[in-house]
Amino acid sequence: MIPRYSRPEMVAIWSPETKFRIWFEIEAHATTALADLGVVPREAADKVWEKGSTATFDVARIDAIEREVKHDVIAFLTHLSEIVGPEARFVHQGMTSSDVLDTCFNVQLVKASDILLKDIDTLLAALERRAFEYKMTPTIGRSHGIHAEPVTFGLKLAQAYAEFKRNRDRLVAAREEVATCAISGAVGTFANIDPRIEAYVAEKMGLSVEPVSTQVIPRDRHAMFFATLGVIASSIERLATEIRHLQRSEVYEAEEFFSAGQKGSSAMPHKRNPVLTENLTGLARMVRSYALPAMENVALWHERDISHSSVERMIGPDATVTLDFALARLAGVIDKLVVYPENMQKNLDRLGGLVHSQRVMLALTQKGVSREDAYRLVQRNAMPVWRGEGDFLTLLKNDPEVIQRIPESELEACFDLTYHLKHVDTIFNRVFGRS
Amino acid sequence: MIPRYSRPEMVAIWSPETKFRIWFEIEAHATTALADLGVVPREAADKVWEKGSTATFDVARIDAIEREVKHDVIAFLTHLSEIVGPEARFVHQGMTSSDVLDTCFNVQLVKASDILLKDIDTLLAALERRAFEYKMTPTIGRSHGIHAEPVTFGLKLAQAYAEFKRNRDRLVAAREEVATCAISGAVGTFANIDPRIEAYVAEKMGLSVEPVSTQVIPRDRHAMFFATLGVIASSIERLATEIRHLQRSEVYEAEEFFSAGQKGSSAMPHKRNPVLTENLTGLARMVRSYALPAMENVALWHERDISHSSVERMIGPDATVTLDFALARLAGVIDKLVVYPENMQKNLDRLGGLVHSQRVMLALTQKGVSREDAYRLVQRNAMPVWRGEGDFLTLLKNDPEVIQRIPESELEACFDLTYHLKHVDTIFNRVFGRS
Amino acid sequence: MIPRYSRPEMVAIWSPETKFRIWFEIEAHATTALADLGVVPREAADKVWEKGSTATFDVARIDAIEREVKHDVIAFLTHLSEIVGPEARFVHQGMTSSDVLDTCFNVQLVKASDILLKDIDTLLAALERRAFEYKMTPTIGRSHGIHAEPVTFGLKLAQAYAEFKRNRDRLVAAREEVATCAISGAVGTFANIDPRIEAYVAEKMGLSVEPVSTQVIPRDRHAMFFATLGVIASSIERLATEIRHLQRSEVYEAEEFFSAGQKGSSAMPHKRNPVLTENLTGLARMVRSYALPAMENVALWHERDISHSSVERMIGPDATVTLDFALARLAGVIDKLVVYPENMQKNLDRLGGLVHSQRVMLALTQKGVSREDAYRLVQRNAMPVWRGEGDFLTLLKNDPEVIQRIPESELEACFDLTYHLKHVDTIFNRVFGRS
Amino acid sequence: MIPRYSRPEMVAIWSPETKFRIWFEIEAHATTALADLGVVPREAADKVWEKGSTATFDVARIDAIEREVKHDVIAFLTHLSEIVGPEARFVHQGMTSSDVLDTCFNVQLVKASDILLKDIDTLLAALERRAFEYKMTPTIGRSHGIHAEPVTFGLKLAQAYAEFKRNRDRLVAAREEVATCAISGAVGTFANIDPRIEAYVAEKMGLSVEPVSTQVIPRDRHAMFFATLGVIASSIERLATEIRHLQRSEVYEAEEFFSAGQKGSSAMPHKRNPVLTENLTGLARMVRSYALPAMENVALWHERDISHSSVERMIGPDATVTLDFALARLAGVIDKLVVYPENMQKNLDRLGGLVHSQRVMLALTQKGVSREDAYRLVQRNAMPVWRGEGDFLTLLKNDPEVIQRIPESELEACFDLTYHLKHVDTIFNRVFGRS
């Protein structure tokens, strides 16, 4: 997470201020619940809320205490007692640090998920709008980077839409994974704290109760969360790679928006580079890489060790901030993408009609030619076209073995572009529920 | 995937025989659907089924053809026409190789998922049985590898159960991700094949229709699938690590079953090593590692490139076979785990009662002592115990600042083990729905 | 490691036959050394060599024994005593299984390295030959996929050559890392075996002595080895990606060799796809992924645990066999690469002279124009060309602010291609030591 | 990279101030070299040095310009011209941004390497000192976490020393990998800049010349660099894991230094947790994870794309700062490690002499007993000891089959601890060159 690739709303989730505020809420709700059960005085709980709600937690002061006691939650509680007064001794009763830390981390991940979901929604909206804009804009479909058969540019975006719709569903599931609360004490047995405290805090913090914790919330949940972010990042890379390809000099079917003052290169002033999508490719690598330490974090020793903590202090912000930035950047790229339908048509026409070869082959088999023969007939006419020695339709018309099976008019019909687009509506209906 | 870490049922899914059988089913169902639409003769479809259903596909023959044509699906279709006769030319009409390959791969992953789900069920059953067996067997809970407070051995297994229950849910979701079928032609436009063929084949193969494919089924689905396997593997590592720790010479609270003839070490005949769980730790690393190339596979170029193929030919079998083996091995380890409750008690008693320190601290705060003072009082009596200089309860009784606040009988009550186990039922009810 | 991506010589290194042969050599050399020290009878050592040298180790028999004793080295030694007779009891004296296993694994990795080094040499030879063949063949250099300035095709290959030369050096270093021998007993103290045995075996097996082992050879060595293979794989991906780009329909400057009988696509017979380099891209992902579990293997518990073993049984063969195959395939691709210099020229000419913009900008600054003004002047003439509205040189000549600073002849000289190639020799000399 | 896990000297390398200072030096040296060749006026070069050497580059101002022009090097050059005046137009002549960026990145990595080398030296010194301190302190060697045979605590540290010595060598090699300079222009052809400029700048910046660059320095170098850091991190994890194990309650042979004011747990005041080494375990996961995106960075498109840049902006600081912190923390842990030789002895004695079983087995075979029989004899006496039913030596003495082969005094000699330590000097000599 570096400022260059960060957006303030997501960064704020990971600020010390936000963290201490969440810690306070967890502790204060737990104190209220303890008061409800008669374990601590009602007045103490009230005092905690009264003083703490409006207090500004002094990050520098807490850090100073931590440097002395070498324990972050104790440092916070010490500072809280400075704010609240002697009633603060009823705070954190029967709890363990991880009750606060883990529940807070999950609150942060849930908040981060909510931003990421909004990001995906913005991206989906952009993809949908542009998909319908270019729904019937023909462009060459490519497999292996080689011209295959026509598709439309809208279809490309529809595919991206469907992919990010799946990513949205995955993120909703990942958010559920980490939306749990544990207030279960030193080894998760509720020895010193009633499970009703946990239920109360969970409800107030918008979380569900962790069925069995062991001082810590089990890290398979977080592994799944960060793995999911890695998959989303991979989809970002896919769409970014598509745009990078389309902007290549030789292809030039689309282009990132290039603002007036922007300079492409210090050396080559004519250059307009797909730097945003290249950047997204790199960011995707980063988000993906965080899935690994998250998985390695699962196998904590016995009831817990703290090896996961340093990892999470880094990848918690790094993964969510970077993914937020990447999704927002990608939405902007799609929203303002400059599309060149005329270049798409030009590229479509490049291969002298070869893109219709499969149709010709099918027509031949429908006339009773064996698959092997049809393949041979098509290939012997395709190869000269491939070498730039003629036009596919003309060659086919001049091939006696072909023309004696398919009349000229039928052969010409094989070269009709709209033939390829007849099911675009079907696909749009599947993806968008409308066409 | 190596024989040593393989089980035959899962290996069979990835055999050439199984693959060609699935290819045949996809092609034959598609031909039937084409006949339903009147595109190909009914008799052709019937002949394909008639000849193909009972045929044994000759793997060596198909390989020989492939070496010549350098294309696997064409090789298969050529061999199929050797079996079926001239009617075979109606097979694969309007389809592209990936229609067969990708749908087949997904069928294999679905079949693999079904085995893995059975594996998890077996493991869950073992965990549940042993968890209830040791539900109230006290053992020390450890954080940071250091004695903390008592738990029960059943609770450890209940946590593992809950974790693998989540993994089961994740696997069900992952199975859904890849349970799709695409019969959409060269670039996914259904140019040469009616979408109804796809719907028919999908239904027959137990899959849903891929809303938008681009010759290939999008690989974010598979990235999610293999990432999920990586998370499950990480949970295996966690449980394996727990057992390795419990079997350590100094801990020795549980032990892998050691059969009569087995030799632990060529050099040290007394040794009984946790080799199964160590092995599982290594296997987990492998399964986890496959998530990465699966994620890198997502960003295919344009409508498809074939870079994913070599990856999947390797990780398809490698990840599922290894995980199947690991889950089955882990289930066996749990099922036959030798548990030593008396050693658990011995370890519990090692620290001279220090595990009750938190309870003493709480008792002090409930008597009106500030958190800081309570901490200080407890720590000054704990430290000598830690150094082996006395028993915690005795020291506390002799500390005037303590004993003047907590009467002796209350102090002794703080050392009651059952206090820690009072919510075991609560947790079991959460995890198993019964206690 | 699957047959499709395997070559026999490398596969043979990992066969049980090879493994048992190496085990035999280690054990037999150790027995000789023990005899030299008078620890075991000379006749015993002679008998071991006499019987073992010509014996065929019965893999099935060893496996059967292992199934019973659940220990591979004991199984082997039992089988060896079946071959050698009672003298076999002097074999393995004072040694531990890992002495054999680890030293054998390192011998296998050294043998694998030697094959990989030959592979790289073959690749380097192909790169050098083709680099000189196209040393002065102009082609457009591209940054961000956008035309930049001219290079030569030979330079591209020279860069690949330099990169694989570095990889060769890295592999030599990686081979050194794992070329060690440990015969140090159960915990590496030489308690029951004299260090001179280790020195003798090391020398005989072509290894150096591991300075301090702890039953096992430390796994940081192997982590470094497999990480190095991952870097080499990444270079393979780079060169493969280059070729995939060059073969794109719109670029079409080079092409994988396409044999006569080969079929590109079941549906589109005209297609010639860069399937070999796409395949290499996937294989590179696999080899890279193995670096991770190798790194996770380093942190074994205390003097050793066996978690590394399952990982190495898989990645040992998987990584070396796959990389061997990939390097050989890449060498073949380069060797037979079909290059289209005329298409390179065509692409060079596409952008109406814009590739010379930097030179014009420099010429302007040399005439005293500020960098900012030069940039502005060039860009305002470049943009119309970019939009297909004219030729760069013509526009510049018509721009009064330009032409008043740079005379027409000097402007034209800026468009001379050979200007860009004047240091090709310099670079070739650096890379190849000749030009 | 977060402040909690950062040290200022390494952080400073990655500050904008340092970066701009290095950029300046590269540009200024290049200008001098250009003046030497007569390409730009000597006065211009002098002016650049004169003004720039003492200037403070205004980061905020450069950022503001970058926001407008969206190009970092142009922003810097614009700011430089504000400082230097019109002579600044001679700066950067014939160069491309990457000449500055890549050379600067390498300078930063070299500086970072130098700090990391110092860190390793500090760690090595601590390891050596402590290794000699405990050179002959007996402790049980453990394989699989199970007691094996005696070693010394000094040997454990000697192994760590040897491992980090290897890591030092690897880091020196990795530093060499990235210690290159490229000043080769837009596509690496030196079209607009003489190779002598590159040679001059390289020498001044303490780098060697990159033999063939393509606007960028090839990223296989950086992949190797970050992979090497990942291996070093894995070694950190190994040593950290060792200490975590030694500090376990049941083992308790060593302990991290625990300062007076430090609090181990908010709930359990007696706890002294190995939090530093647990933290190191997590940090190792992070450093290791950065190797992957570094490897994915290798396959840039054609002469370059910029996808590597965002990755490097993150992992450049993240990997080096985290590793620096981790190495320094580990050195501190080793330096102040509290070692408990008496507990080591206690653990050695736990298994009733079983650790000598291999020696007994060897003694039996030397008396002519077959390996299988010796194994059986030892195992039948070992098993009761293992179950806590007696002392190994006593049982052996009472086993007629044993005692008739080995006289009592020889049997007792098998239990002599010094037997195991006789080659400690040998190993120390190998590792440290002295003993």
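In order of appearance the chains are A, B, C and D, and numbering begins at 1 in each one.
Just so we're on the same page, a residue touches a chain if its C-beta (ideal position, glycine included) is under 8 Å from a C-beta of that chain, and two chains touch if they have at least 3 such contacts.
Chain by chain, the UniProt names read as follows: A, B, C, D = Adenylosuccinate lyase.
If you're wondering where the values come from, they're calculated on a predicted model, not measured in any experiment.
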- Query: Which neighbours does chain A have in common with chain B?
  - Reply: C, D
- Item | Contact-richer chain pair [B-D vs B-C] | B-C
- From the C-alpha centre of chain B to that of chain C, how far is it in Å? 33
- Item | Multi-chain contact sites of chain C, meaning residues that touch two or more partners | 77, 92, 142-145, 148-149, 185-186, 192, 244-245, 263, 265, 267-268, 273, 275, 278, 281, 288, 292, 296, 301, 305-306, 358
- chain D - residues contacting chain C, complex: 77-78, 81, 86, 88-90, 92-94, 141-145, 148-151, 155-156, 158-159, 162-163, 166-167, 170, 173, 177, 185-192, 195, 209, 211-212, 214-215, 218, 220-221, 223-224, 227-228, 230-231, 233-235, 237-238, 240-242, 245, 281, 284, 288, 291-292, 295-296, 298-306, 358-359, 362, 365, 370-372, 419-424, 426-427, 430-431
- Task: Going by the contact rule at the top, pick out the chain A residues touching chain D in the complex.
- Result: 1-2, 4-5, 68-71, 73-74, 77, 92, 95-97, 185-186, 192, 244, 259, 261-268, 273, 275, 278-279, 281-283, 285-286, 288-290, 292-293, 296-297, 301, 305-311, 313-315, 317-318, 322
- Query: What does chain B use to touch chain D in their complex?
  - Reply: 140, 142-149, 244-245, 247-251, 263, 265, 267-275, 278, 292, 296, 347, 350-351, 354-355, 357-358, 361, 375, 378-379, 382-383, 385-386
